[in-house]
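Lettered A, B, C and D in written order, each chain numbered from 1.
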Amino acid sequence: MAIVLGENRYGKSRVRVMKVRREGARHEIFEWNVEVWLTGDFRSCFEDGDNSQILPTDTMKNTVYSLARACSAASMEEFGIELVTHFIATNPHAQSAGVRIVSTPWKHIDGFADAFTHASDKYDTTTITLSRDGIRSVSSGFEKLWLLKTAKSAFAGYMKDRLTTLKETHDRLFGTLATAEWRYSGTDLDYNALRQRIEWALVTTFAAHDSLSVQQTLYAMAKAALEQVNEIADVHLVMPNKHCNLIDLSPFGQDNPNEIFVPTDEPHGSIEARVSRSAIGS
Amino acid sequence: MAIVLGENRYGKSRVRVMKVRREGARHEIFEWNVEVWLTGDFRSCFEDGDNSQILPTDTMKNTVYSLARACSAASMEEFGIELVTHFIATNPHAQSAGVRIVSTPWKHIDGFADAFTHASDKYDTTTITLSRDGIRSVSSGFEKLWLLKTAKSAFAGYMKDRLTTLKETHDRLFGTLATAEWRYSGTDLDYNALRQRIEWALVTTFAAHDSLSVQQTLYAMAKAALEQVNEIADVHLVMPNKHCNLIDLSPFGQDNPNEIFVPTDEPHGSIEARVSRSAIGS
Amino acid sequence: MAIVLGENRYGKSRVRVMKVRREGARHEIFEWNVEVWLTGDFRSCFEDGDNSQILPTDTMKNTVYSLARACSAASMEEFGIELVTHFIATNPHAQSAGVRIVSTPWKHIDGFADAFTHASDKYDTTTITLSRDGIRSVSSGFEKLWLLKTAKSAFAGYMKDRLTTLKETHDRLFGTLATAEWRYSGTDLDYNALRQRIEWALVTTFAAHDSLSVQQTLYAMAKAALEQVNEIADVHLVMPNKHCNLIDLSPFGQDNPNEIFVPTDEPHGSIEARVSRSAIGS
Amino acid sequence: MAIVLGENRYGKSRVRVMKVRREGARHEIFEWNVEVWLTGDFRSCFEDGDNSQILPTDTMKNTVYSLARACSAASMEEFGIELVTHFIATNPHAQSAGVRIVSTPWKHIDGFADAFTHASDKYDTTTITLSRDGIRSVSSGFEKLWLLKTAKSAFAGYMKDRLTTLKETHDRLFGTLATAEWRYSGTDLDYNALRQRIEWALVTTFAAHDSLSVQQTLYAMAKAALEQVNEIADVHLVMPNKHCNLIDLSPFGQDNPNEIFVPTDEPHGSIEARVSRSAIGS
């Protein structure tokens, strides 16, 4: 029996950078929280303490800063592609380089060219990997998108066993704090425009859907995005069921016609799935 | 020497309630996180374990739910006033009742009458107290409002001692995560409309101000609110200085004309002040 | 009517510093999260943007670092006293200087002189203020101390109104995440030794007390600390009631003899009080 | 082209349960935060809204409560095994059932049989999966273990490129907030005793190791655990490098002989690896 190094990676996390672009009086800002990492055969480092193939994570951080200044990326996806391309070129021992960027949702304060506030609490994300042999993956998405619908949501007809106490309902609140990630299948894409179309498909499908379960709505949302945007190969959605429980007011002599609820954080349902485009027959 | 009970209070925190108001197909939702408390002479409880004057905090929670159903408050301020009025009436030993409500920023998804998402990450607040002799205080405000300006912000001419290393600047980023609270001086107010006007005064003053310091901008914001809205007596602002530090790119042979910054959470400046309306001569 | 500046303060928050003291092979570490602030008549700064009386918060940060190196304080209280004394001396416009320090709970890994882990999730605190005329206040305490007792806790005999549904109990779980602060009345104290004695009084009283309510136990804890330690003038305790709710297992044909509970974070009771030493007759 | 459902799972998260075991006057408590999930062919549910194969997550929650009462598991691993065994038996459409448990670190207050506080801020974890064909995986570990060493840590001899500014060091602080997970290879194990031995190997190796890099120490820790405990097949460690930066005090005329540091949360290095036991030749 021997002891061997398996999968491993190292890099720098929480590298925050803000870029201010000034076109005359009009300013734009981009705030990105960047994580970069390398994978490969770093056995001599782990086993022997030989650092000669280790690029310090401090250098990775400097690289994020330097490329943020040098590059003219129109999207965080393009910035991420520049980063992984750089790291594969400069780290001969790396088998792959990866980057994940989370973008803060700044928008202009109405009527001002150089003052900003947050647009929502949704954060946009992208994850990009590049292998030594040139295989590139670009996935984008978002975190922390609150969605709630007060109509068109039921849950009934489910399995029951001796431990089931849940009542069937044909009119419940359906709330979730959604995370999404979709994988792009093409290159030279207009990532900002595609993101808008995908998010529109996801959000409006959530709102319009006659929901029989979280699962069914999740699937309908992903399907809509895939049908409306050809440039993506799959969509992965994580939709915790943030239960809003109807309060029993009868002890106080009051009715409660689906009006007063307790929103809860725990326990919560967890539903997630990947929905893919597939060649017929495959 | 004796040991005596001093200031004390008890109550229920994090009572979450969501109310759905349906007017035909159009739904409105209100999500409130409520804290209620009582103060008074509860010595026998603390010293002797006599609970006969203690209304259980569980009952306070039930009261929030029951009044949420029964009342037709048009604002969280009016709901809070109903709550403290109830608690003063039903708790003869209480010298004062208080409530604090934090409201979740839901808005309709564009084009849908019964589907919602978060409007921003700002949370609206109100704090209301009522004393046994009828003195009522209503203060409202907000938490977690991100503000950032990329122009019209300087910091120079400050004190220097042997430990000062900060460089003067006439063009820095100025970011803050603002908390505000203003105290209403009248009764029978349209709290929702007043909130909009006060927030407009605060935010647009932040954006437009030629800032020489966080202190000066904070004061200008509060002054604008007091000048534009007669119904408030004072404004308290807490504006941490969320520093965005200019990165030195010269080690990499690059300049940095106020373009690339590191946003930081710590350490941070902390500036807070109350600005009041005062009778001349007082 | 005029608009006037009221109470105000400014300073630096989240200044983190770690000090390593090496005595031969034995190392000790102190990790402190420091907040410093000044109050006084800073009207010209707020109203006119005159910064000539403003010591930059960046300098305050540097001062924390520099004094951490220079001073030989045996406790965070003594370090805090050095800081406020420095700031009062160097800021002629300040009416008072304050500091709050939160200490990370490091302890040695058993058997090692230079390796450490966290002892608990309790954080020790101190808050010190010094006014221009020499009045000094030193209060210490802790945050985030989890306490739970599974016996000797009842809650019965309380007020009931038409909204009360809580059942009386003579055997419940009593859990809290306690915050404490006590004010020292003397000078030249051995703060580390006193802290240990006060914490011992608080914790063992919690554990031993036959509790009729959170209020009664809170009072007994504070009273014990005041009786056992003469050097403190009062104790302030904040003890949220972190409810553990007995689960009704009867739908599943099971009993539940006070054995299976759901720990909850919300809603929660909130009980706080200050208990003071008082001259008889006062 | 068609659109198809890919990998998916659903379940219940943040199911909190506390069990009090009373043996005469001596009480023991177990607080577990449980997540359970199922995977399988749930296409009809996602695609058609057919819920007939969906066990409600509310029932999963009830099951956790009911089994917590019924079972006599001596460890959270055994409790988890009971849970997945139950869910595979009662959900014919599930291909696998999983459970993850995070345990709160309660310990007795010294000298008391029925009062408790937290032992540290480390949380123990276990993740268990069972497939329909009987393949079972039990992995255990911990989260949030703070480790810091003030000696025997160097970082030098690394790659340098034009963006490298980091100085080599032979005496730095090495701090991390470690997450570990090891996979058990046998059955009928004494999980509590094994956990203690594995944690001892990890922690004492961290403390004793002459570290040339985080990577090398991580590998040494995992290797020690594998060498000392035969019942585990691999160890996965995640060790962010929580940098403590030496402060330059020379602007203030002071030296800093490795004594005063700024602990930071961001940016931070991220190092993770799996180390496995492998048959020679494989």
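Basically, contacts are C-beta pairs under 8 Å (C-beta built on N, C-alpha and C of every residue); 3 or more make two chains touch, one makes a residue touch a chain.
Remember, it's a predicted structure, so these values are computed and weren't measured experimentally.
Between chain A and chain B the CA-based rotation angle works out to 180°, given as a multiple of 5. Across A-C and A-D, it is A-D that has more C-beta pairs touching.
Put simply, the C-alpha centre of chain C and that of chain D have 30 angstrom between them. Inter-chain spacing, taken between the CA centroids of chain A and chain C, is 38 Å. Distance from the chain A centre to the chain D centre is 23 Å, each centre being the mean of its Cα atoms.
Counting partners per residue, chain B has 16, 62, 66, 163, 165, 251-252, 265-266 as the residues that reach two or more other chains. Under the stated contact rule, the graph of chain-to-chain touches is complete, every pair of chains being in contact.
Residue ranges on chain D touching chain B, taken from their complex, read 162-163, 165, 251-252, 265-266.
By the touch criterion stated above, chain D contacts chain C in their complex at residues 16-22, 27, 29, 31, 62, 65-66, 68-70, 106, 109, 111-112, 114-122, 145-152, 173, 203-204, 206-208, 244, 247, 249, 251-252, 254, 256, 258-264. Within the complex formed with chain C, the chain B residues making contact are 1-16, 35, 37, 42, 45-59, 61-63, 66, 90-91, 155-161, 163-166, 211-216, 218-219, 222-223, 226-227, 234, 240-241, 265-280.
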